[in-house]
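Lettered A, B and C in written order, each chain numbered from 1.
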Amino acid sequence: MIKVAALTKVFKTFDRREGLAGAVRDLFSRRYREMRAVDGISFHIPKGEIAGYIGANGAGKSTTIKMLTGILHPTSGSIAVAGLDPFRERQRYLPNIGVVFGQRTQLWWDLAVQESFSLLQRIYRIPEQDFRRRLQRFDEVLGIGAFLRTPVRKLSLGQKMRCELTAALLHAPRVLYLDEPTIGLDIEAKVAIREFLKTINREQEVTVILTTHDLKDIEELCRRVIIIDRGQLVYDGALLELRRRLGGELELKFHLKDAPRPEELEALRRTFPAARFANAESHTLTASFPQEALAKGEVIRAMLERFEVRDLSFEEPSIEEVVRQVYRGGLVAAGS
Amino acid sequence: MLRRRDAVIAALGLSPRVGLAFARNSFLRLLSYRVRYVVGVANYFLYVSVHYYLMRAVLEANPRAVEPLLSPADLVTYFSVGWAARAAYHNEIDGRLAEQVASGELAMELIRPAAYPWIKYSEAAGESLFRVFFMSLPIFAVLAAVYHPLLRPPAGAGHLGLSLVSLVLAFHIYFAVNLLTGLIAVATLKIQGFLWAKFLLVQLLSGVMLPFAIFPAWAQPWLARSPFAALGHTPVLLYQGKLTGMAAFEALALEAGWTALLLALCAWAWSRARRHIIIQGG
Amino acid sequence: MHQAALALHFFTQTLKARMAYRYDFLMQCFSALAANATGLIVVSVIFQKTETLGDWKKAEVIFIYGLAMLSQALFGLVSTTFWQFPNRYVMNGEMDRLLIRPVNPLLQLMMENLEFEELPSLILGLLLIGFSASSLGLAWSPAKVLILSLDAVSAALMLVGVFLALTTLSFWFEDRVAITPPVFNLLAFGRYPLTIFHRSVQMLLSTVIPFGFLAFYPATFFLTSNSRSAEFSLFAWMTPLVGVGSFAVGCAVWSIGVRAYRSTGS
């Protein structure tokens, strides 16, 4: 559905010189600097997939999305979405996509939500029947019916985002671009929006590209992640695979009836040399080990045999931790 | 107890140091807009040309139509000095103020530890200082090069001196008028059209579009007594040596009076507007 | 066709929204009239001291002035676009919104920024033309009325082209107000008989910045009372061509400019 090859966007910026004398010199000659915001990125996203597009601030996420939506003209490289070039064939391309920018509204500020929607109905030439049906469906999932008559500028952030999503999907696009759709929202709204995206992806087979800083979004929605750093692609693949390759430690926490004796601990350490055992509080014992080194079940079975276990919890490496490692260059080390 | 001067400074939030910092910033900001700058210089040249040719056509039909301006040289000098002066004192405080009101930024200005009018004054002063060197002088040089024998030097050192005094006052009057019109934005949000009309009216009433002498006889004394005369008519005639002796001092005294009055009006209007903004919550 | 229907829809929506703020609307109308009045004051003041301006009589100058006002009033429907564009659409990145809807972005832009406050000036312009024509003893015919309307529309189109090209420059230069306002002031040249200006100014206003076609050249077609009008008959007939040509150039610059859009502000 989305094919991107060697996509590059170079911005020319000029460095301001400092101080008064510098400003006078800038008047006559400027020092330009090239900034490669997106640098030779290629990927392919099949129909119906939700792909998470992540990276630090300024990594080039938004610039990529803006090229995919036809807002920016790529410096070089090619994009084909549903077989169309977003910039050159914009008028034919746009009915195929829906866009939500979390930072900026796509609705008409002064108009009531309902009027914005009917304007969109005209723009996209949505048949009345489809329009009614979709609006009703979105109301069921997002509950937008309550504020249809309110002007957009008077909506809360969460209400606005629900409307933005509706607006982006009213014309039943095949591709949906979401640039930080959950930014600034409260937990309840975030959950509602994630649920909605899952539903819509399942029901309509919409292909979704999602950028976000909230990695919970990624965890909930995306099996596929693309990570970019300073304009370059550093990872493209399954989320699980990323987690596996980066390792990260699994942590098992046991609550025991009786505090373990030192010799019992020693025996455990001999049995599982790959794991570290810590006995910070008298009745808890934590075992940490790399995922690929040991099977969880093995450790748990051994523990149940030797102790009276009251409670057990485990923590997988958080996606935050994983991504942080990627930014630190962990993936390069892990991949080589 | 604070000394009186400190009390005034504290009350108004006036601080020369803060003022200087804002003036410097606005100077730097202007330098960075170089496209606007180059086009601005070219345009002032064109303004002078339109009005010069218009008046010259009048002069050809009626040689005494704009007495005391009697020759093409008088006309070129009149418009050149007038528009170069305007280039120096001009600022867009009114428009920027309206923008800040519309975007709600003005409320933010209130929490700065310096009085807003003082910040604006400092910015305008920085802007004008920039404009004297980088707009007025280049404009004057271009005009002198193109209209070479026609553009005359000042009538004398004393005349130039008085003209400059008048210009410094003109800066204050223009600043006050702009701040006052900008404050109207606090009451109504859409004032772009209003600002444009004011912009043209001020040009008309200051004499840079038409010399006062061409207006009907009954209107001339009123035009000369208005605060806008300081923005063109008075400094230019002083420069040309066509306003001398007692008349010159009277004109300057009148200008000084208007300056004081308008600045006082600004302080009053700001204190009212401020209350309005606080009540509205921005 | 679809785009035209949409434009009409936008048009009525905007009109409704504007009328809702009656106080603002009236104030804007008054401001626009006051701005035009300053120009009229200039003309009437000048003709108190003289009978002719260059080779042109008072009524002829007023005819030209009226036509300029008419053309500018039509341009005034969309002129706010060019004031708003650099700041609101380029610097703040609102252009994004226009680019993701399958409607011509330029059309959307103009429809979003429609203004109606110049319309009273349109009536004033017509009145000036009417008065000056009757004092010149000019005979009207349906053909002449048609040509006058065509000229006014062409001149407005010419202005759209010029200012579109200029405002598009803000895609490249990150200037806040860019160069639109100063050039807007140059329209002053276009309100008077071009022959009173220096040859170089006449050249400039007939070529690069074709403000000569705002009123003067098309007006010469009607001002047969003046012997000099005949000199410009070719220019008079060219007015629609200049309008369409200038508009085409503006659109071309625009479409190149959109490529350079950087979408900052987020």
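Here, a contact is a pair of C-beta atoms (placed from the backbone, for glycine too) under 8 Å apart; a residue touches a chain by one contact, two chains touch by 3 or more.
None of the values given here were measured: they were computed from a predicted structure.
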Exercise for the section: Point out which chain occupies the most central position, where each centre is the mean of Cα atoms. Expected result: C
Practice task
Mind naming the chain pair that shares the most C-beta pairs in contact?
Solution key: B-C
Practice task
Find the geometric centre of each of chain A and chain B from their Cα atoms only, then give the gap between the two centres in Å, rounded to an integer.
Solution key: 54
Practice task
Round to the nearest whole Å and give the separation of the Cα centres of chain A and chain C.
Solution key: 48
Fill in the blank from the handout: Chain centres from averaged Cα atoms put chain B and chain C apart, in whole Å, by 28
Practice task
Mind listing the chain C positions that touch chain A in their complex?
Solution key: 2, 5-6, 9, 13, 17, 93-97, 99-104, 258-263, 266
Problem - Footprint of chain C on chain A - complex, ascending - result: 11, 62, 66, 69-73, 87, 90-91, 94-95, 97, 99, 101, 103-106, 110-111, 115, 119, 122-125
Fill in the blank from the handout: As the complex stands, chain B meets chain C at residues 33, 35-36, 39-40, 42-43, 46-47, 49-50, 53-54, 56-58, 60-62, 65-66, 92, 188-194, 196-197, 200-201, 203-204, 209-210, 214-216
Problem - chain B-touching residues of chain C, taken from the complex the two chains share - result: 21, 23-24, 27-28, 31-32, 34-35, 38-39, 41-42, 45-46, 48-54, 80, 83, 117, 169, 173, 175-179, 182-183, 185-186, 188-189, 192, 196-198, 201
